[in-house]
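Both of the next two complexes hold chain A, though its partner changes from chain B to chain C.
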Partner chain A sequence: MKVNSSKLFILTASVAALTSGLQSCNSSSAGSASTNDAASKVYVAPGKHDEFYNIVSGGFNGQMSVYGIPSGRMFRIIPVFSQHPENGYGFSEESKPMLNTSHGFVPWDDLHHIALSTTNGEHDGRWAFGNANNTPRIGRVSLSTFRTEEIIEIPNSAGNHSSPFITENTEYVVAGTRFSIPLDNSNTDVPINTYKDNFKGTISFIAVDQATGHMSIDFQLLLPGVNFDLARAGKGPSKDWFFFSCYNSEKANTLLEVNASAKDKDFIMAVNWKKAQEYARAGKGKKVPVKYAHNVLDEKTHTATSTMINEVLTLDPKDCPDMVYMMPCPKSPHGTDVDPTGEYIVGSGKLAATIPVFSFAKIQQAIASKNFDGSYDGIPVLKYDAVLHGEVQKPGLGPLHTEFDGKGNAYTSFFVSSEIVKWDIKSLKVLDRVPTYYSVGHLSIPGGPTKKPWGKYVIAYNKITKDRYLPTGPELTQSAQLYDISGEKMKLLLDFPTVGEPHYAESIPASLIMNNSKKIYKIEENQHPYAAKGDNQTKVERKGNEVHVSMTAVRSHLTPDNIEGVKLGDVVYFHVTNVEQDWDVPHGFAIKGANNSEILIMPGETQTLKWQPDRIGVFPFYCTDFCSALHQEMQGYIRISPAGSNVALTYSTGTNLPAATATSTPATTPKSSK
Partner chain B sequence: MKKIINCLSILIIALFAFACNASTNEAQSSTENTESVGGQSAVQDDESQKDIVKVAASSKDHSTLVAAVKQAELVDVLSNAGPFTVFAPTNAAFEKLPKETLNALMKDDKKSELQDILQYHVSVGVFKPEMLQDGQVINQANSKNITISKKDGKLIVNGTATIIASIPASNGIIHVIDGVLQPQ
Partner chain C sequence: MRKIKIVTTALLFAGSLSMFSCSENKAQEPETSQEPATKTAEAATAALSMPEVQLSTPLNQEWVTTGKGLYEMKCQSCHKLTDEKLVGPGWKGVTQRRQAGWILNMITHPDEMLNTDGEAQKLLEICLVRMPNQNVTQDEARHIIEFMRSNDGVK
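After this line comes the complex of A and B, so read on.
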């Protein structure tokens, strides 16, 4: 098929016409140039990658979710504190221990905040921490496998909201109580209206092992019975300090809507954590009996184990001078955020008409000169004016959270006036404001809480969706919005729906994560006790009334796929090993009547589904993840006989053929079990 | 071959013309979405209970307040989830103010002052009449306090404005008052 030059000319001419047409088309819609600009700024061409990972808390779904920025495309849901039938997390025998607590198995929680690990105050792409708000826990997710690797319960805590915020080098993750309570080891059966006498707040400092990420509670601070809301570590000059917002300094135990909003000022609590650590090392603390679970996933056995711990070290500020100070902060502060330089601490009183900005240098001076305004439960209160850099006047209504762009600007979210307001940290002048649709809660700038914000965008996580998307009945998706902050004025680029109810989120450059992303688990490293690393290792073993099936999954069969000799009353454990060593070839496993879920098994991994047959019969099982052209052939049967039946335990794949007839050759008999 | 190329050219041009139209339309509709959309008050919803703004807007006695709320750009704020307690002066209450004062407040250069006054009529939180106590101090959205007093079974704000009715709304409560509160 040869094209001569005249024909080529025609083709070229039509392409030229097309090109000039494109130009005229663009010029005809010049009036909406900014909108075209918005579309191009969030457009990630098919097959191309986003610039940032956005790790988003799932709120009441107990999970984290992963999005791309600027496209707003969702890539993955990572179950942390909630069972996830989609992949068997919290249903498989291996992952159940991850959800163990001192209250037993807790299959749900409310994950509010994300903290991405940092080194020297900058994102390092190792881990994402998340908090369980309801049954106090901290979870750690690997940013290599995007799986929950560890969960630690927090004793002496209730409503773990002021959490999980981290120090500059991820030395500590903190966990502060929203609800003060009678401490676990005290007389806990007390009238609720004795709150002022019997209820205490605590802040836990959880040490993080830098090699493994493993968490352990180093010490807890025993604090007044306020509500701790949010927190941030200092950085740079303030790196040894931690700042916690406190509301309900009234210590109300009922109708907080009114009774915790009475005082003009509550507090931001400043903790010198280095000093606390020294006190802990110097034996100033007291070990008290408690009970909490520590759950760790072993990547080699693909199995989590849960250990109960019975003691925690507590530090009382009474015994530890110069460790804790209170700074007055107007009207129920919610967010407390530290700017990239570490000098400025922003308090957002959610009922306040101003935003106070505190100066770390002034805090140090006030402490040195004992410029106190009395004390609160024995903790020195620093004079407001002495520690104040200044107030942002009339910024908006209902300030909640502040993030930073690294260029001297702060961005604060306002729930009531439904906007993001940009202001200058030093001059405290409001520079710009944009509406959010509707009622923004948290906001997030890539690297916003670090020493080195990446800037470029701010994402609003809105609390009210109403008419932003096609309606889906009374229950709606939550709405996030992406704004361009590269210029002087903020520009709305994109709405994108999210799962669960996002609270805080962080974004990190893709380049810090994607190259470490694990593709497969090496089969030779699999140390699961029931792993079958090849069809020759498959087996079915009876241990009393337990039947353990070591099964392999490979495109496109399960081995064994015919199992007989299991009886009513038996409990069957399907230990399924995906023997593939190929990226993005998971297999799934499900069986009729299972009272739990399916399991998804990644290449090289072993996962176990427990199944208790409830009736006599033949039950099918199959691969649930479309793995190959013959996925639909990837199935098998298990026969359940009556209790006391003498059907022999046998298992096979490909050999359990119909009995020989006169015209066919005899089939080989299936393997019988040991 | 020539025929094929010609057909192809026509097809390309036709496709392009279509794409051009489509992109223009898209641009126009997203311009509307990003630039000229209203806030929460613009949500079309006749099924839900009325919010504070809608309740006030449906009251003939509050047309001055509603006009002031619009001028102060607080319509979307008060359509928000809240919850709010709004002390809502009647038209008669506004008429007690010197006419020139009111007219001046409605001018653009006094917007900040008007916002301050109106925000002084709003508390974040629901204060039902039975929760209001003699001597109670409530901090308002503009950061200044009001004081409640009780006299002959009547609730009075700052000693000057009497609560004459209380109306629940989806996002809070309206206390109708017979005087305009002055930020102190």
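After this line comes the complex of A and C, so read on.
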């Protein structure tokens, strides 16, 4: 009997569905949701490149990860707010200042959202911004080096969730408070149940220097004590505006599950940021004392520095008319997303049965004709019907986020009903729906939040995987799912596992990034104070009880590789310079008993590992990154003598010192330190 | 013949020679790269032409000095000035053993040389570490050769 392969596939899939049948109600449709030619559509042949970079937030791992689309292959993890022992980020002396805050060293955070820089509302491939939700910060990653170049802490903030969304030309990146709190410089020791009187929300507008990317807080808006959830800047006609979803307009401070879900409508807040900027320039703001850290990486010294800043400019809507408006939005809105034309603003009420779509033109008319429905804490509330373009009826359960394909369609994720729903923005008609496995959160269409979506795919980031992968005990992988959206119907192409817990992600054409990818750090430009730019500059110096080793790494030796005369109680700093200038030739450095991690040193770079010997003896160090056929030979020793020992400080490579007794000074040494 | 042409093109880009070169001519249109990413390495299977290097005496002392500086920063970790092998061969006598054009190619295009040149391949069999591309320009390499000549006793 001849069985054709597609029939066999269906047969196998249905047997699998029958036998599994254990998890969700969606489980049985898993096979039929994908298409027969799915494999060829995601196949990227060995040695070929993916079409898009997918920059994905890591959630509770505090990192970003980089995938290729359509293959779903992961290339890189970029540590941002979390230490990364794999390459020494947050452990090396150079990178530790990057994690400094007003609370001291904070080595972890919860990175939820990605914002890729734009020019004229289109991706420009310069930077990726990420937010720290827990200890409020924004990080900026270079898309040339794929490294965290800058982190700025946000004062007067808690739960920096509605962040780091950006304006059309990356003029500003925003940070809004999910948790309202008593502001930093007020009386902060108050009973929690005085929330309504003492708690405030803030939105920070952080200016971005267009040449360097450097961030500085330009001004903060003082706002009612709601929970700000997500945000999007306007574009095109609405480019001077920013939209923020707000829940907990009830101002509950306990059991928010119930108490923040009481009202039928919360708000989307519309901010005219251009006007706010004018008020700030015109001296309408007030400078208040705060304390926050600003950490910047210097690419020439390969070193981050942390500066503490003591003041921020605040703007109160009471002093700044026509700057902020509230739009009623059902019910506990999560996503607020602006379509590519800038005319439509989609609110996604987590508990709502409809998706409201607001019209920017109508908002402007309502403001001009003062079509208000009272005020909320002194901020005018626009009439719902006056600003509404319309509602998508019965779209699904638990709408969260919406992306756009640039062809007039919107794609909304539904957490509760585990599906993506495609609908027409103008007619508000539902066009198609596909299941996700399971409980989708954010979506990503390449260029989806920009004026120029590339379309082609939508990626779902799912919160739950259950039976989708081989089980790994109680803790399972999170996953992404790739759908083809080039036709009328969405088609599932691929499941791929992800690291951490991805929230938002963006996808960008590879051609906008790959040709700018940095290959090496030029050794001529290395200005690290302990760089050894060549073996002549290697040295070991004692400064009190600090011993500084300026060491070179090349395939396949370290210089110096024999070091003596270091004593118990000394603190040793290994400053390792990789003197190679070839792409993809990193070296690593690790030493026995180190209480931190290894370091990886890219070509032309200098990185420093601090090591405090805890006992007398001879300790090996070695290169950890398999670099050459003689990688296993790339090693050395440091001798630690008792405190007060008179062993002279000596160092060498390739020359054995004359025989000496354990405590005497060698008669001749190739090099000795003063 | 076609292959040779690719090499010529690759060499024009040699300053920014990269694994990505296959798609440098792609427009902004996002399209799955149809070219194999290994093209650069494949392209480097035909021999490099030997450049003419004008040698004269007395040595250009300025070049000797800059050449020595480059040696200390980019070469010294692997090459001694004696005839002793470290990672690569010692430099003593190199300007007598090798033509200047060959040395220039080896410094500026080590990957192509290791893929195509018999003499370079013999050295790899001895040293077992591929000589890295240290991002040295043609001019800088010429200065290094002047320093090598000085090291070999040319005045």
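Following the convention adopted for this analysis, the second predicted complex is superposed on the first by the 624 of 674 C-alpha atoms of A that agree within 3 Å, B and C clash if a C-alpha of one lies under 4 Å from a C-alpha of the other, contacts with A are read in each partner's own complex, and residues count from 1 in each chain.
Convention: a contact is a pair of C-beta atoms (placed from the backbone, for glycine too) under 8 Å apart; a residue touches a chain by one contact, two chains touch by 3 or more.
Quick caveat: nothing in here was measured; it's all calculated off a predicted structure.
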What is the contact status of A:523 with respect to chain B (first) and chain C (second): first, second, both, or neither?
-> second
Is A:261 contacted by the first partner chain B, the second partner chain C, both or neither?
-> first
Could you look at A:299 and tell me whether it touches chain B, chain C, both or neither (first, second, both, neither)?
-> neither
Thinking of the overlay built on chain A, is A:352 touched by chain B (first), by chain C (second), by both, or by neither?
-> first
Of the two partner chains, chain B (first) and chain C (second), which one does A:373 touch, if any: first, second, both, or neither?
-> neither
Name the contact category of A:557: first (chain B only), second (chain C only), both, or neither.
-> second
Between chain B (first) and chain C (second), which does A:122 come into contact with in this model arrangement: first, second, both, or neither?
-> neither
Going by the contact rule at the top, pick out the chain C residues touching chain A in the complex.
-> 18-20, 23-24, 26-38, 72-74, 76-78, 86-87, 128-130, 132-136
In their complex, what parts of chain A are in touch with chain B?
-> 1, 3, 7, 10-11, 13-15, 17-18, 21-22, 25, 28-29, 31-32, 34-36, 38-39, 257-258, 261-262, 264, 330-331, 351-354, 394, 397-398, 415-418, 435, 437-439, 463-464, 466-467, 492
Chain A residues touching chain C - in the complex, by the definition given at the top | 44-45, 47-52, 70, 446, 454, 456, 509-512, 514-515, 517, 519-520, 522-524, 533-536, 552, 554-557, 559, 579-583, 585, 628-630, 654
Contact residues on chain B for chain A in the complex?
-> 1-2, 5-6, 8-9, 12-13, 16-17, 20, 23-24, 26-28, 30-31, 34-35, 37, 39-40, 43-45, 76-77, 80-83, 112, 119, 124-127, 131, 137, 139, 141-143
